[in-house]
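A single structure is presented below for examination.
Each chain gets a letter, A, B, C and D, in the order it is written, and its residues are counted from 1.
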Amino acid sequence: MRNANQYDIKFSSSLTVQTVSASLSDKYVYNAARVSTLGQGVLEDSGEKKMSGLISYLMKNRHGTPFEHNSITFFISAPIFVFREFMRHRIGFSYNEESGRYRILQPIFYLPDNSRPLVQSGKTGEYIFLEGSKGQTELLKKNLADVSITSYIKYREMLDSGIAREVARMILPINIYSSMYVTCNARSIMSFVSLRTRDDESKFKSFPMEEIDRVGREIEKQWGTHMPITHAAFIKYGRVSP
Amino acid sequence: MRNANQYDIKFSSSLTVQTVSASLSDKYVYNAARVSTLGQGVLEDSGEKKMSGLISYLMKNRHGTPFEHNSITFFISAPIFVFREFMRHRIGFSYNEESGRYRILQPIFYLPDNSRPLVQSGKTGEYIFLEGSKGQTELLKKNLADVSITSYIKYREMLDSGIAREVARMILPINIYSSMYVTCNARSIMSFVSLRTRDDESKFKSFPMEEIDRVGREIEKQWGTHMPITHAAFIKYGRVSP
Amino acid sequence: MRNANQYDIKFSSSLTVQTVSASLSDKYVYNAARVSTLGQGVLEDSGEKKMSGLISYLMKNRHGTPFEHNSITFFISAPIFVFREFMRHRIGFSYNEESGRYRILQPIFYLPDNSRPLVQSGKTGEYIFLEGSKGQTELLKKNLADVSITSYIKYREMLDSGIAREVARMILPINIYSSMYVTCNARSIMSFVSLRTRDDESKFKSFPMEEIDRVGREIEKQWGTHMPITHAAFIKYGRVSP
Amino acid sequence: MRNANQYDIKFSSSLTVQTVSASLSDKYVYNAARVSTLGQGVLEDSGEKKMSGLISYLMKNRHGTPFEHNSITFFISAPIFVFREFMRHRIGFSYNEESGRYRILQPIFYLPDNSRPLVQSGKTGEYIFLEGSKGQTELLKKNLADVSITSYIKYREMLDSGIAREVARMILPINIYSSMYVTCNARSIMSFVSLRTRDDESKFKSFPMEEIDRVGREIEKQWGTHMPITHAAFIKYGRVSP
């Protein structure tokens, strides 16, 4: 008889964002913008002292294209329901995701930790989330664990019987983890982050789901360390994507 | 005590593609292409007799832009695992999908019918699918039904306890149905269809999953009735997107 | 000997924007947005009374995708320097332009009329334009006319000698008219218009060139008549593209 | 009185493509593709011996997305008529071009050298180009030089009179040089190159203008040195963009 231990089924509340490669620099923004006003002259280095002022100007006035001449690739591991929201971002994003048609999916399932607010309040589109009661927390953990384990055991049972991976996987819940490579640039990151993080300083407030907010903040942090001037200007002007 | 009947849980193997609105015509392709050679003159109607020849020429020589000046909106209902593949198409596609954050998801689950081949054979990337045995078919139906029903009951139980929709839905499997509006154009449709339908006459063969192949064929059929000359040229030149 | 009359060289200050076909309606926005909250139910008509409120909500909160399920095709005739700016818009725009490789370009050249301000003042990126003096106006007209006529005569002279169109055209100035088909949607139009029209009510001010501003206003006007609720919401919320 | 010498007007037939920064590697393609089959495991290095086989497989079967996780920025200097064709490429391309609104354009004009074929023969869309006669070559050079010089002198005359740069520039011909930053990735480069270079080994033949063909070949060369395995596979499978 099958059991959960047999498959080493794991539960996790972590969300992984790992920079795989990066070609990012505030200088790239500066140089790209200077092509407009200098043409050929842009290739001669002219010092960095005016960089901050120019980047602020571009951000404030929403000149977006100079922020596109760079790229960063992340490896991201998160549950499918996060990827479903993530992949709605079409422009300036490239994806390669783990495939349930080509491999046996691993038994790792998302289970919110105790800090995850469970109850929504307020009106549509501007929900506030509040802590769950002890009973709600226990019910959630029990139910998620039950279905995760049961579905995975049945998934493997179907694979063992010779049913194809692409068919057997239909049984798996959206809290199963997947992984992907994502490549984007400073402009597409700012667009993503402006919509997928919640921040009281935003000129246009967003109300994203907690889990994608966490992924967004981690992307913002890793990207921001490579482009501190651009990141500071993004915050200064209200987290509006240029 | 909760039970399946209480929620009227349904199983289905159907995939819905419904044209909501369409602004499609072979004539649009013809006129857009004629701007290149006629400029202002394109606004004067010149008869349709050369239309077929010009469209064939564009398709054969992969002049893609004239096929973009049109649009069609579909309402599509299919399980989440189909939408996951569908939404990988970024260019020339607009989406609005039913949200598990804003509404209680309906209890309709995908259960393959008996014609769905269950066993894959052959090498990676070029799988051939064969009919499942009676035992496999029964196992699949039993397992999918069990998990669908159990997960949905637990989903509603969590909602009833006051847990937010966006949290409770994490428990649902990817065979649950969702629905969306998709807007695209003749060029993006041909790109989609060339990758997501399997056809022996294709110059570049694709090996899509059966369910998205069915959706792709239905999209192709409905689109093709509005643009018969373009559709015929697409087939004639090996189903290569221009 | 060649002369201008031989070619019927024309000067114009007009900019043509002509709706060729349109599949636009506020209702499409409403229905696409309702898929999120209604799923299958969206196909049942529920009256229009809530439409205005929902569209306002989408605009204010920058939910952009519901504005993409529609399309409009324009025939535009304008000088090349306008098209150069126009075609920088990549997303949600399809183009087919008259080709100097495939046809002999017609001798129609842009000559600003007297209302066109000629002198710029103020700081970079926020220029104010002022009326030109009589001397400036005359110099501009004389110089533009001279070069337009001379270059066109030499263009045709080269064609007559057997030089290929794609080579001979290199001599033509960027005030020569071209024409194109452009297909876009409500969202891409709002993005274009927010950057390419100057308006004191804009939350983010833009400082476009006069000629593309005129094209932008005409596009906005023709589009707006088909989607009055969306257009009103766009204005109300500061001409920010959702 | 004004004269050409005063402005140091130059003629050139060169086209500059200069790699500014690059984040390119065959390994990135390999790793992105392996996410599909390995998930988390992709982060562990597994040696390169299977890299060539996997990249060939992806190219042959037109799996395009793994070729997007990389980027390269070029500085390009070429006449405006080349940029007009270049910027029709919308997807996977970012641009910043020198602006005639923000700076005085430099007096450098394209003048084809003697190797540039001047006469076209054959049918529409499949032109063959032949060498020009001595008379044609001389006529071209004389006419281009005349208009370039005259228009530039009149351009500066208008600037000197106080007419704004954005207005005065309308007089300049499309053989004037401009410069830009372009950022793209391996997939968008292959799409560009498949359409903008002429090659007898192409599965789908293209008939680009000579000058953009030269730019395309230089882009291909510089990109190819960073991704030799991908480049070889692109050639092997008929220069079809995956």
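By our rule, a contact is a pair of C-beta atoms (placed from the backbone, for glycine too) under 8 Å apart; a residue touches a chain by one contact, two chains touch by 3 or more.
Worth saying up front: this structure is predicted, and the values here are computed from it rather than measured.
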item	value
Joint neighbours of chain D and chain B, given as chain labels	A, C
Interface residue overlap between copies chain A and chain B, same or different (over half shared)	same
Rounded Å distance, chain A centre to chain C centre (Cα mean)	35
Centre-to-centre distance between chain B and chain A (centres being mean Cα positions), rounded to whole Å	25
Chain B-chain C separation of Cα centroids, rounded to whole Å	34
In chain A, residues with contacts to at least two other chains	65, 88, 91, 95, 102
Chain-level touch network, classified as line, ring, star, complete or other	complete
Interface residues, chain A side, partner chain D - complex	18, 20-23, 28, 31-33, 35-40, 42-43, 65-66, 68-71, 73, 75, 77, 94-99, 102-103, 105-106, 178-181, 183, 185
Residues of chain A that touch chain B when the two form their complex	79-81, 83-84, 87-88, 90-91, 93, 95, 100-102, 110, 112, 116, 118-120, 124, 127, 129, 132-133, 135-136, 139-140, 143-144, 146-147, 150-151, 154, 157-158, 161-175, 209
Complex contact set, residues of chain A against chain C	57, 61-62, 65, 88, 91, 125, 195, 204-205
